[in-house]
Every structure is written in structure tokens, then in C-alpha cells.
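Next come two complexes, and both contain chain A; in the first it sits with chain B, in the second with chain C.
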Partner chain A sequence: MNKNGKAWLYLLPAIAFLGVFMVYPLVDVFVYSFEEGYNSASQTFWGIGLYNYAYVLHDPYFLQAVKNTFLLVIITVPLSTGLALLISVGLNAIKPLRELYQTVFFLPYVTNTLAVGLVFMILFKKTAYSDGLINLLIHFFGGRSVDFIDGPYWAKMLVMCIYTVWVVMPFKILILTSALASVRQDYYNAAKIDGTSRWRTFTRITLPMISPMIFYLVITGFIGAFKAYSDEVAIFGTDLNAAGMNTIVGYVYDMLYGDSGGYPSYASAAALILFAIVLTITVINLMISRKNVQY
Partner chain B sequence: MKVVLQHLTKKFPSRQKKGEDVVAVSDFTFEIPDGKLIGLLGPSGCGKSTTLNMICGLEPPTGGHIFFGEDDVTRLPPENRGVGLVFQNYALYPHMTVRQNILFPLQNLKGEARPAKAEMLRRAEEAARLVQIDALMDRKPSELSGGQQQRVAIARALVKMPKVLLLDEPLSNLDARLRLQTREEIRRIQRETGITTIFVTHDQEEAMSISDLIVVMKEGVVHQIGRPQDVYDEPKNLFVAKFLGTPPINVFSGEVRGGVLYLGEDGVLCVKGVGDRKVFVGVRPEGFLLQAAGPLCCTLRAVEVMGRDRSVVSAHPALLGTEIRSIIPSDEVLDAGHETVRFALKPAKVHLFDTETEARIPFEA
Partner chain C sequence: MNYDKIEQAAARRDRVRRAVTYTLLTLWALIVLFPFYWMLLSSVKSYSAYNGEYVPRFFTLSPTLQNYVDAFTTVNLARYFTNTLLFTAATTAIMMVVIIFAAYAFARLDFPGKNLVFALFLSLMMIPGELVVITNFVTITNWGMRNTFWGLILPSVTSVFYIYLLKENFEQIPEELYKAAKVDGTSDLKYLFKVMLPISQPTVVTIVILKVIECWNSYVWPRLITDDEAYFLVSNGIQEIRENGFGRENIPAMMAAVVVISVPLIVLFLIFHKKIMAGVSRGGTKG
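Presenting the complex of A and B:
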């Protein structure tokens, strides 16, 4: 056996697994999305074309899901990154109790999703016994109670955004505190001797130094937020279409396995649309970061 | 601008709760004359960097005062002291170009002191020209060599026209050849600008070669201050004698009997004015003279040829240490086949030290 043959032999297990579980499904999704009227039971379809895309793009549920997803992305990514930066800078500035605060801020990351869901139930959900903690506070200040789970769209979106920000922030704080700690003290000493104001030190030295990490967090944050689904289920239950809180990934799932499911072609088309969106945003992000992060 | 240090002291609290404070700098009093280049010299951990940090204001002293000219700056924050500091690893901002780095201190200035934009650019160019990096203004620090980065760091410190320039181990990150070149460069820049300059180093050769005055420190205590040649020729104590000079001074245990210095059984030198006592004897490597009938008899180990000189490695029973290193001019005849070698000593290169206090004992040859 020649050298190349050996190399392929060694690669075989990985290639086989990746081929069966990654490449084949990817190709399959691509193929499905162009097969019109595909029936998974009989494995038949009556045409090839862009009908699936047209259907999905005219489906009000899909449009709602796109709107929800975009709102979530646009609100939570900058908000969570900004808050994480603020908290990290604060953590970096204090000495006493720093470890305690770090632990507190990192707790949500290691907390079970169900436990987090329960906390949000206590905060926001109306039950037979109470209106939820937040409503109690609103009452206390003389407001009228709001149904955050089954109520108006803005209230549901608010809960969703708070939840998402809260869940994604610990990781960002972790990354940013370590990024801040890795900026050498010499730079700050040099700035101090040159009489640099604190704000200028932050904007001209600290921010550029940690900008690679910030861009990393923004890019992964965008991707993560576009893929949001499980958090929505944790708060609003499985029938997200009825709640009007579905996301693109939720729509894909519903099209496959939901109560109205069984349409792999529509699901594939929606998934590819999501892929196109994420790809575009990521490329734009990378182009911006290339321009700004260079040393 | 002269710099006056009065009883400057820095103590750090001990790591253990009830332990004693660690004294980094102890009672440092010194007046640095205007426009001089001062080398703070000592082994690592001797408090020289702490002293520098106190002068620039990064580290508050526990006791004592610092004056710049007539002004007490002890409690002044670093930005109001008008000092320029060059860091050991330069601390150039990696995301800014050379020009932006040099401009940065000027852009921090506020109100009256802030020059117009064109003036800032002019001053940055001027500082860059002084350190000869004006052709590299649009590069990033990562695109420069170590020596060039060093120059940028000096330009950045000089651009705001500091009253005092401080350099923390300025040459330690450079290779040997560049080090020689850069230290001359520092000397030239200091002469041209006339700024009082203090630099910290653990390399005695570096300090001796360019300083007007050197300060030898050990464990927070100043052992000797003086012109490099004076400190070398008349060390106050054994530590200073050992710390200065390459190869280092050879130390023997000796005894003075009836005005004659004995190393073991060899009576090597007449020393007037010293009573009978035991002493430590330091002999500089260049203090040995090859003589067929010389009084000091050593076992010859090796002869190393260095071109201009030869380094003779030998041993003697009274030696404290492993070997005697002496430097002999190449033209003197030395038969390497012999087992012993005999030396006479140059009185000026021999120093006697008290065995208890290690202070130098003066004598007349």
C-alpha cells in the first residue's frame, strides 16, 4: 500500500462519520429545499423549483418568526455585550470581594436551564396564587399588572430579551474579564505618567486592546441569537406560533416535527434562508473587524 | 532640573499577617545635579526600580521627600510631575502607529498647555528626528526591531519635554551589539537635550560606561554614590568592589603582620598604617604582574587567549572562591608548561576590607 493509501485509511473513520452525519444531511437539506410537494411517507415529489422558498417567504408564521428573531438579535447582542463590558470593567476595578462577584455573575452559566426557567416563572408568570414578583413591584409603585407570558407582544418580547441577555451574559463577562486582565499594567502606567484621563485611557487603550475579544463575542453572539429556540420554549411552551413568539429555528422544527409538521421541504428552505442570513451577517462582521482590529 | 531625594523610604507590608514589613528602599538621600546622567545600579531586588517608581510617582513613598528643583513633588500624581518614563519592555501601544504613539502624551494635555495640532506634529517629528526614527513614523510597533521600538519609547517620553527622564532597564531587551550602540545613543540624546536622566540597570558595565554618577544599591540600602571611575578605584566596601568590574575582583582572606600583607604564607605587599589584623583582600584582575620572583605563588590552571590580553586562571590556598582570574597583556611571556605562576601585585589594585563590617581599610603602599 502506498503512502497516500495509508493516509486515506487513517482518515477513513473521521471521513465516514462526518460524511454520514454532516455532509450527507447538508446536501440532503439542500436537495429537499428544491423538491416541490415532497412526501416523506411515499418519498415522492412532483417538481423541482423555488416553490418551497416562495411558500415559506409568504407564510405569516415564518415572517413573524423572522421578525422575532431579528428583534432578539438586534436588542440582545449589543445590550448583553455592552452590559458585560460594563460589569467586567467594574469587576476589574474593584479589589475586595472580586472573586465573590465573579462567582455571582458566572452562576447563570452553570445553572440548569429548567431552574432558570423556574426563576423567570416566579418573576413573571401569573398563577392562581400570585401575579408574579415583577407585577407585585408594579402594583407597589401604583401601576397596573401586565401579563408577561400571555399578554401583549411587547411584554412577551421584553421577557424574552431579559431572559436571553441574562443567559448569555456570564460567558461574555468571563471572556471580557480575562481579556481585561491580560492588558499589561505597563500600558496603564505609561498612560498615567502621560496624564491620560480615565475615559481616554479606556477608549484609546483598553478598548482597542480587547477589541479582538469584543468582536469575537459579537460574532458568536449574533450566530447564537439567530439560532435561539430552546429559551423561547422554556418560557412560552412548545406552541410558539400560537404565542406569536416563534423563531426561525423554531419554525424549522415545527415544520418537521410540530403539530402542523411533516414538511421537510419547507423546513429545509427555511433553514437555508437562515443560513444565508447568518452567513451574510457574519461576513459583514468579519469585514468590520478586519478593518478595526489590526496589530 | 535637579532632583533631591531626602530620606526616601519604601516599605511593603509583609505577606504574613504578623510578619515584618519588607523594606524595599531605606533612607535614600541624594541630590542629583541638573543635567546629569545617573545610573542606579544593583543586583535584582535591591530597590532600584522601586526608587525609580517613587521618583515618577507610580509608587507612593512610605517616608521621606522628593524635590524637583525647589518643588516638593512627593505627593504629586505622576501626570503633574513632568517626568518621562521609558519602560523595560517599552509599553508602546501596539494598535497605534509610531506617530500616534509619540503624539499620545501631547494629546493628553489640556487647556493652555495643549499645543495646536500643527505644533504637536512638529514636536513629534522633532522628537523622532532626535532618536533617528523619523523615517518609520507610519509603522506599527510590531513592524519595528527591538532597537527601533526602544527609540520610539524614548521619543514618546521626550516629546512632552519632561523635566526628568527615567529609564527602567532600557537595554535589557536588546542583543549585545545593539546594547553597545543604544547606550551610546542614550548618552548622545541626554547630552543633546540636557535633561536630567536617571536610569536603572543591573549591568555594571552599562552603568559605568555612560553615567556621570552611579549609585550602587543592595537590599534597599545605598552603598556608594560617585563617579564611575572613583567607585571602581575606591569601593567603600566589599559588596561594591565585588559588584563592579568584569571579570570580578578576586577575594582572598589575608592577614596583616608588622605592616606586611600576607596571603597564606606569601607576604605580598607592604601596607603602612594598618595594624596587625585579619582582613579580606580584593585584587582586581588587572592588578597582577607576572614576575619570575613575584611574592604571590599560585597554581596555574589555564591560560585563555583573548587577543589583546590573556586571562590567566590559577588557584591559591587563601582564595575565597574557586579561581583567580588575572588579566595579563599578551606580550608578556608566560610558559604554560609550568605548574606554578608567580605574581607581584599593583598596590592601587589591591583593597583591604574589614572582616566584620566589610568596609574598606585604607592603607599606604
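Presenting the complex of A and C:
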């Protein structure tokens, strides 16, 4: 066999799988989203147009999902990035036990988020026989107990945010610690000789030097948080609409499958709306970073 | 002796700073570890002891393994577990074959259109999985592959990112080695398996570990494609157990199941933590 043929043969499996499960679906999702009244049983539809988008945008479940997702993004991305920065700076400042801490901090990354979510649920849940550990703590400090899992909206949102931060921290700490470690010691030595204060050294040397990585984390953080779904399932169960805690991705999957499923057209329209939102936010992020980040 | 005083003050400030740093780090370590401790603790408390504690205790004097027995007998935990093992092993193995050949073609062989094809591959990295899941669900359903292992496995046996990672690694192997092998009459395939793969072993191992973690934790696709319990993976199993598992909210047994599910990855992590962390910082994305 000639060389060209061989190369294509080696590439064939990858191309075949990518073609069937990535390229074709990418085209197809647009097609679905414009086919009005698509019936998945008979595979027929009665028109082409924007009806699916209109339906999704007027669906109260979708609007609730959008609200939840935006709140989650706005709260968790700055919070987790800031906290990760604080912890990474701390990690960078110590020598003994550093590796131990790093290893422990990374642990949530490798665990099954559905399994650990169950533990979070138990810690926060109020049941007939116990108020749950967190509520007892709140009691201890003189507060009033709240049902975080079936209670008021803000309480549920709070648990969701806490768990999300817990889940995303390992990646951020890892990236920021290695970014901090790669800042050249010369700069710090120069600052020391000039008698620069620690705070000034941090804001004028450290932050600018690691700013590309911070922006990388902000961008991936935004994208990741917009796609939140399984962490919510872990805490509130599969019926997220009933809990009022659905996310946009959750809405897509619910439309596709499950009790309210069977509507790939609505699912496609919602997925494309999500994609448009993420793309817009990412472009805005990139534009801001172009102005502020020093490379 | 003013100078001494200044030095003392500076040393004191340093000590305080260090104390604050360690306190902060320890606090976060506790927050990270506490859920794991709590699941382990709850899993060895007996059902009556657990439910009898209005204020949960932070230790137990009479640990029991009954919950683990329940976890394996009352629900199909063993089934979920073996399903996940099978799914993880098969998906990872098939993916490795696919990406090794693709990376080899991109790194070592020359053919017209190579750069164009590679650029197209890379552009696929930007596509979010959520967009393609919808059609894949329909495709797999139409192929009659719902509730089969193939339906679970097939959509996730390629990864453009891993092809890219491996290709970069292959390209670092000096051209001379290839020519020497050619002179000796080594075939391309033999060269790939006897020379390139052993040299790239660290990257290969990293990719395998990252893929295993991904497979073990995958939830969304298996949930869409299986509703027959016989094909549930551990993530779906956990949801199933939670929603209609042990009955009467048997939380200790639930926690035992959670421990069983979490242990394999934690062990893997403890053995390979350096490799995993290096691999993730090179290109993992999550969160």
C-alpha cells in the first residue's frame, strides 16, 4: 500500500467517529432547531421557522433555568477564582507540608461529583429526625435553621453555589499555584532591594505576571458554570424543574429525555441559545483581557 | 540597640503571617476533607444509631459493616460497579487505539492535506458537548443501541485534545531514530509500537488516567442512553439508590454505596497524584 493510503487508513477511525458523533450532529442541531412541530415518533415536521426559539424563550421553566444559571455564574466564578488565588498565594508562601496540602486540595477533582453531592445534601438537609449538621451549626451560633434542600430559593441557591465552588476549586488552585511558581524570583529580589511593601509587590508584580492565567481561569470558569448540571442533580435530584433549581443544560436534557422529554427541537433551540450566550460572554471576556492582561 | 528591636518585630510579623497562612490552608483542607470523613463515618454507623442521633456524633464507638453488606445485597451495587469497570476499560482501550493511530499519522506520516485536516480536527475542540448530545441521542436511539454497552461507549472513543497531546509528544522523538529504524528494515507499525509508544509512555499513561477518571464519573450520557438498570453506571446507580433505593431513607447504607463508588478513584489518585495533577494542568478542563 502506498504511503498516502496508509496515512488515511490510520486516520480513518478518528475521522469516522468525529464525523458521526461531532460534525454531523453539529449540522443537525441547527436543522432540528428550525423544524417546527417535529415529531420524534413519526420523524415528521410541519414547517421551518423560529417557533422553537419562541417557545423556549417563553417557557417559564427555561426562564427559571436561565435565572438560576446566571446567578450561579455571577456568584461562583468571582468567588472561586478569588478564593483560589488566596489559597494559592498561601501555598506558594510555605515550604513544609506544601505538597500534602496541594494533594489534599486536588482531591475533589477526582471524585464522583454525584456521590459527594449526596454527602453535601445530607449535611444540609433537614429531616424528621435531625436538622442536619449545618443547621445545628447555625443553631449553635444563634441563627434560625433553614431547610436548604426543600426550603426557600435563596437557601437552595446557597447550597448550589457552595457545592459548585467546592467542586471547581481544585482545578483553579492547581493552575494558579503553578502560575505563581513560575514568576521569576529576580523580580521579587529587585522589589525587596527597593524596599517595596508586600502588598505593592503583590499588586504590581505578582498579579500582572499571572494575569493571563487568571483570565484563562475566568473564561473557563464562565464556560464551565454556564454548563452546570450534574452538580445540581447531585444535590436536588433528577427532577430539577420541580425543585425550581434547573439549569440551561438541565433544561436541554429534560426536553430531550425524561418525563417531559421527546422534544429534540426545543432541546436544540435551547442548546443553541446557550451556545450563543457562552460565545458572547467569552468574546466579551477576551476583549476585556486584551485590554488588561500583560502577556 | 534599636536595630535588634526592628529585627525582632520583623521576625514576629513573619511568624504571625506564617500562622495565618497555615490556619487558612488547614481550614480549606478541612472543608475539602470533611465530606469524605462524613461519608466514611456515616457508612459505619448502624441504621438505628444514625437515626437516633438528633445531634450527629463526630465519631462512632461501635462501627459496623452491615451497611456495606446492605449496599451490595439490597441494591445492585455490584452490577453498577462491574458495568462501570467494563465501560471504563472498553472506552479507554478503544480510544487509545483510535488516538494513537491518528496521532501517529499526523506526527510521522506525510500526506497531502495533512495540515488542513489537522486544523479541522483542532477546530472541533471548540464545540461544546451539549450541542452534539441531542443528535447523538437520536442517532444511538435510531441504531437501536439504547441500553447497550456500544451505545454507551461509541460516542466517547475519540478525543481531539488527546490526539493533539500525543501528536506533540510523538513529534519530539528525533527523526534520526525513524530513519535508523527504516534502514534496519523496521516496519512503520513495529516502529510505532516498539519505539514511539515506549518513549511516549508518560504521556500515554497520563491520557489513560484522565480518561479513566472521566469515564468513571460520567453521568449525563449514560443517563440519557440507559433506563434499564442492567446497564447503569455508578453515577446513575447513585441517583437510582437515592431516589428509590434502600427505602425509608437508609442514609448509612447510601453512604456505604457512596464510599464503594468513590474508593477506586481515590486510590488511583493517591498512587498517581503527581501524574494526574501534571496531566490536568497541561490540559484538563473542568470547572
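Basically, the second predicted complex is superposed on the first by the 274 of 295 C-alpha atoms of A that agree within 3 Å, B and C clash if a C-alpha of one lies under 4 Å from a C-alpha of the other, contacts with A are read in each partner's own complex, and residues count from 1 in each chain.
The definition used in the following text is that a residue touches a chain if its C-beta (ideal position, glycine included) is under 8 Å from a C-beta of that chain, and two chains touch if they have at least 3 such contacts.
Owing to the predicted nature of the structure, the values given are computational and were not obtained by experimental measurement.
Undergrad: Is this a clash or a fit when chain B and chain C both end up on chain A?
TA: Taken together on chain A, chain C would fit alongside chain B, as the superposition shows.
Undergrad: Quick one: is A:P208 in contact with chain B, with chain C, with both, or with neither? Answer first, second, both or neither.
TA: first
Undergrad: Which of the two partners, first being chain B and second being chain C, lies in contact with A:G224: first, second, both, or neither?
TA: In the superposition, A:G224 contacts chain C only.
Undergrad: In the superposed arrangement, which partner chain does A:G195 touch: chain B (first), chain C (second), both, or neither?
TA: The answer is first: A:G195 touches chain B but not chain C.
Undergrad: Output check: A:A115 vs chain B and chain C. Expected answer is one of first, second, both, neither. What do you get?
TA: In the superposition, A:A115 contacts chain C only.
Undergrad: Which one hits more chain A residues, chain B or chain C?
TA: C
Undergrad: Which value in Å is the smallest Cα separation between chain B and chain C when the structures are fitted on chain A?
TA: 7
Undergrad: Indicate the residue numbers of chain A shared between its chain B interface and its chain C interface, in ascending order.
TA: none
Undergrad: Which of the residues in chain C end up touching chain A in this complex?
TA: 17-18, 21-22, 24-25, 28-29, 31-33, 35-36, 38-39, 42, 51-56, 97-99, 101-102, 104-106, 109-112, 114, 117, 121, 124, 127-128, 130-139, 154-155, 157-158, 160, 163, 188, 213, 216-217, 219-220, 223-224, 234-235, 238-239, 242-243, 249, 251, 254-255, 258, 261-262, 265-266, 268-269, 273, 276-277, 280-281, 284-287
Undergrad: Could you pull out which chain B residues touch chain A in their complex?
TA: Listed in rising order, the residues of chain B that touch chain A are 56-58, 77-80, 83-85, 87, 89, 91, 93-95, 104-105, 108-109, 140-142, 156, 160.
Undergrad: Quick check on the complex: what are the chain A residues that touch chain B?
TA: Chain A residues touching chain B: 184, 186-187, 189-190, 192-197, 200, 204-205, 208-209, 211, 294-295.
Undergrad: Which residues of chain A touch chain C in their complex?
TA: Against chain C, the touching part of chain A is residues 3-4, 6-8, 10-11, 13-15, 17-18, 20-26, 28-29, 32, 40, 80, 86-87, 90-91, 93-94, 101-116, 118-120, 122-123, 127, 129-131, 133, 136, 166-172, 174-175, 178, 220-221, 223-224, 227, 229-230, 233, 237-238, 249, 252-253, 256-257, 264, 267-268, 271-272, 274-275, 278.
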